[in-house]
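What follows is a group of structures, each given as structure tokens.
In the two complexes below, chain A is the common chain; its partner is chain B in one and chain C in the other.
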Partner chain A sequence: MMENVVIRTVSRLAVPFIQIFALYVIVHGASGAGGGFQGGVVFAASFILMIIAFGMPNVRRRIDNRGIMWLSVIGIAIYAGIGFLALLMGGNFLEYAAIEAALGIPHLHGILIDLVEAGIGIAVMAAMVSIIFDIAGNGEESS
Partner chain B sequence: MKRKLSIIITILMIGMLGVIVSGLTFGDPVDHPMDRYFIENSQEESGANNVVTAVLFDYRGFDTLGEAAVLFTAALGASLIFRKRRDD
Partner chain C sequence: MTIINHIPVLLVAIPILASLLILGLGWYDRRFCYPIALITILSQFLASIAVLLQVLDGGTIRYHLGNWAPPLGIELVIDSFNGFILVVILLLAFATIIYARRSVGKEITPDKIVSFYVLFQLLVTGLVGMTITGDIFNLYVFLEISSITAYTLIASSRKPHSYVASFNYLILGSIAAGFILLGIGNLYVATGTLNMAELAVMLPASYHLATVHSAFLFLMIGFSIKAAFFPLHLWLPDAYAESPSAVTVLISTVMAKVSVYALFRILFTVFTTAYIIDSFPVTRFILLMATVAIIAGAILAIAQEDLKRMLAYSSISQIGYIMFALGVANEIALEGGLLHILGHAVMKGCLFMVAGVIIYRMGTSRLSDMKGLSKTMPISCAAFALAGASMIGIPPTIGFMSKYYLVLGAFEAGLWPYAAVLLVGSLLAAIYIWRFIEIVYFGVPHGDPHGDDHKNATAREAPLSMLAPMVGLGVLCLLFGIFVEVLMQAVGPAVLLLLGGA
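Moving on to the complex of A and B:
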């Protein structure tokens, strides 16, 4: 592992900002430019920066492969779950208007889209990080 | 000799591609009544201010669910192929 103070310090400063920006992009999906896919990829980029700066073992200590796979499943389950919720409320699959009509809450439609975006963001982030984890190896032989 | 021939063939192919692409008309999409419908009605119908989001997550929600599933499957495939197991 190469010791590089500059890279480590800058990454330590940059990673929280990248993650906040990723959450901003995900939350802004329904009202402006943004969305779950883009935000998820930005969030995964922060993990990749952490892997480059601190090495794979340090990052793996925080999140392991099993947890990442569970996150990926949970993200898609949120999306499909909202779809089945609409089915349960008497609409078609993924018909958000049926949930809004059944519960009687105004503007629920946009909130449900935001929830779906959050699920997509979690799933995309977990998929990207999982691929990096598997391809980059354990980090014992290099960096 | 073979190397020179391959370079010449590559240049010829790139030239042909350039000639074909320069003949196409870009930035001239056909006007369709569907486009105007989305722009005018997506805000009331889907509750999203962003038309792209309305189309992606509401009108084509099923498609987006499939996209997420494809990404998940890609991650699963990478795990299956590249993950190191303890026993070997």
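Moving on to the complex of A and C:
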């Protein structure tokens, strides 16, 4: 793998763009087609590309299992946290309008949707990367 | 708005948070896992009782997620039918989590304990979600959550064969999920909605469409695989016999019941009796298959040499009883069917717990190794005898009451030969239950060349945390049978709801 200069160079160029595109898809979820799940998968795809081009140990140094676990926990916690915030503000679960009304900030619900989508995106990305680690992990234990 | 109004969503959201907490804290110290899971499931159980009482008192509770009214949004619905099921599954989940602590320590490698409790919690969440959702696609999502966690839990045993069992279940479960998704898709094509209540209103206009018929068959087959209804049961014996004891208890009681619940829900409240009896007569076929399931499951159970495998085949037979109620589809039989959902969950939970305790103490589940076991493990054997009596249908246990209602229902519908099958099934159940009783009470441990009998000598009575839920469930078999009127206050309205098609 190390001798293939073309793959490594192209990957190095492509990965930032893939990740930016993933963020765009996540943020776009509030107003159009897109969303946390799709964006999270695209983000995880950038990690697959890095694993193919630079090998597993290289990627593992950047994001290890502990990191993945925390990312997935944080992702779902953001989602559930906003859901419960709506409950505390007197609305139903995930009722953005209740938070907006309680805090008195106009157009807050759009930001809240983005936050929820970001949470989903983080969790999906972490789960996907964890699956890749498990499948491509040469049989080594990773859980 | 008070907290009580939000119970439907809290029943699903709190355990998801709890599973995150288990994962996070478990990373630091494994000892945090168990108490968090215990407290969460206990509070879910108490909340489910509160919500059932509220439903019986004030009618159906509908909760709109994000305050988006259906058909735009997803709603959670708790009526007298799924409120009852909810209490049953959380009662069993609570008993299982108490039982799980010691059993898990023995049967699962220490580095997998954290993920075991996370998955256990998520499995319960998925099943609760399946029970209370009012949206048919949401049902599918929760079904996938519960299925995937169940595959993983089955494979978490130390026995290598559990991977094979889990993989077989994975394949069949995925086929089932595929069928269910196709069915949901066809329903959406035919009506343009995914909300169950609205589907029930809009479907009668399209009862003649082939799309609706195929949707019905897809859903029927899919959920029959998940519920292990007789010819589609092939995944079940391995999955039950090879998984860790606590997982066996959970999937044999809670998970099987929720699949049956989903089938009832779709047949009676989405398609309504008008469809399954008049427009697309399927009940007589279900009745026929149910009687085959009752007899075949029981005969296969008699043929087994392994305690857990015997109980697994017995489950196939008992699912037949519940489907029998669906096939008869009159008020009394359905009351019997719902009672049997509760009764079978309680007694099979108890029986699998005994099997787990024997594995915990003796490391074997072969029936021939258990000769004279009642001397060393008297309480476990007594609990087995009690739950076994309920399985056979000896009064005054819950097993007797449910079969009594089923037979009465069959009589009322004029289905005399089918009622006779129920009685034959009970006799066959008596054979396989009695085999175990005879071995443990009257069998003499003999010294055979392999020296297997020394296992009995070292076996002691199970630890308290395993005995308590086991004996508790055994006693419940008796109490539910005696105080069946109390249960009927919940079962009666549920059956009216099913038949009313509301």
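We take it that the second predicted complex is superposed on the first by the 135 of 143 C-alpha atoms of A that agree within 3 Å, B and C clash if a C-alpha of one lies under 4 Å from a C-alpha of the other, contacts with A are read in each partner's own complex, and residues count from 1 in each chain.
Here, contacts are C-beta pairs under 8 Å (C-beta built on N, C-alpha and C of every residue); 3 or more make two chains touch, one makes a residue touch a chain.
These numbers were taken from a predicted model, which means no experiment stands behind them.
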First, second, both or neither for A:Arg66, with chain B first and chain C second: second
Greater residue coverage of chain A in the superposed arrangement, chain B or chain C: B
Partner chain in contact with A:Ala80 - chain B first, chain C second, else both or neither: both
Touching partner for A:Phe93 - first (chain B), second (chain C), both, neither: both
Chain B versus chain C as contact partner of A:Ala33, first or second or both or neither: first
Touched partner set for A:Ser130, first chain B, second chain C, both or neither: first
Interface residues of chain A shared between complexes with chain B and chain C: 69, 73, 76, 80, 83, 93-94, 96-97
Complex interface listing, chain A residues touching chain B: 29-35, 37, 65, 69, 72-73, 75-76, 79-80, 83, 93-94, 96-97, 107-110, 113, 116-117, 119-120, 123-124, 126-128, 130-131, 134-135, 137-138
In the complex with chain A, residue positions of chain C that touch it: 1, 6, 9, 13, 16-17, 20, 23-24, 27, 63-67, 111-112, 115
Residues of chain B that touch chain A when the two form their complex: 45-50, 52-54, 56-58, 61-62, 64-65, 67-69, 71-72, 74-75, 78-79, 81-84
Touch list for chain A against partner chain C, complex: 66, 69-70, 73, 76-77, 80, 83-84, 86-87, 90-98, 141, 143
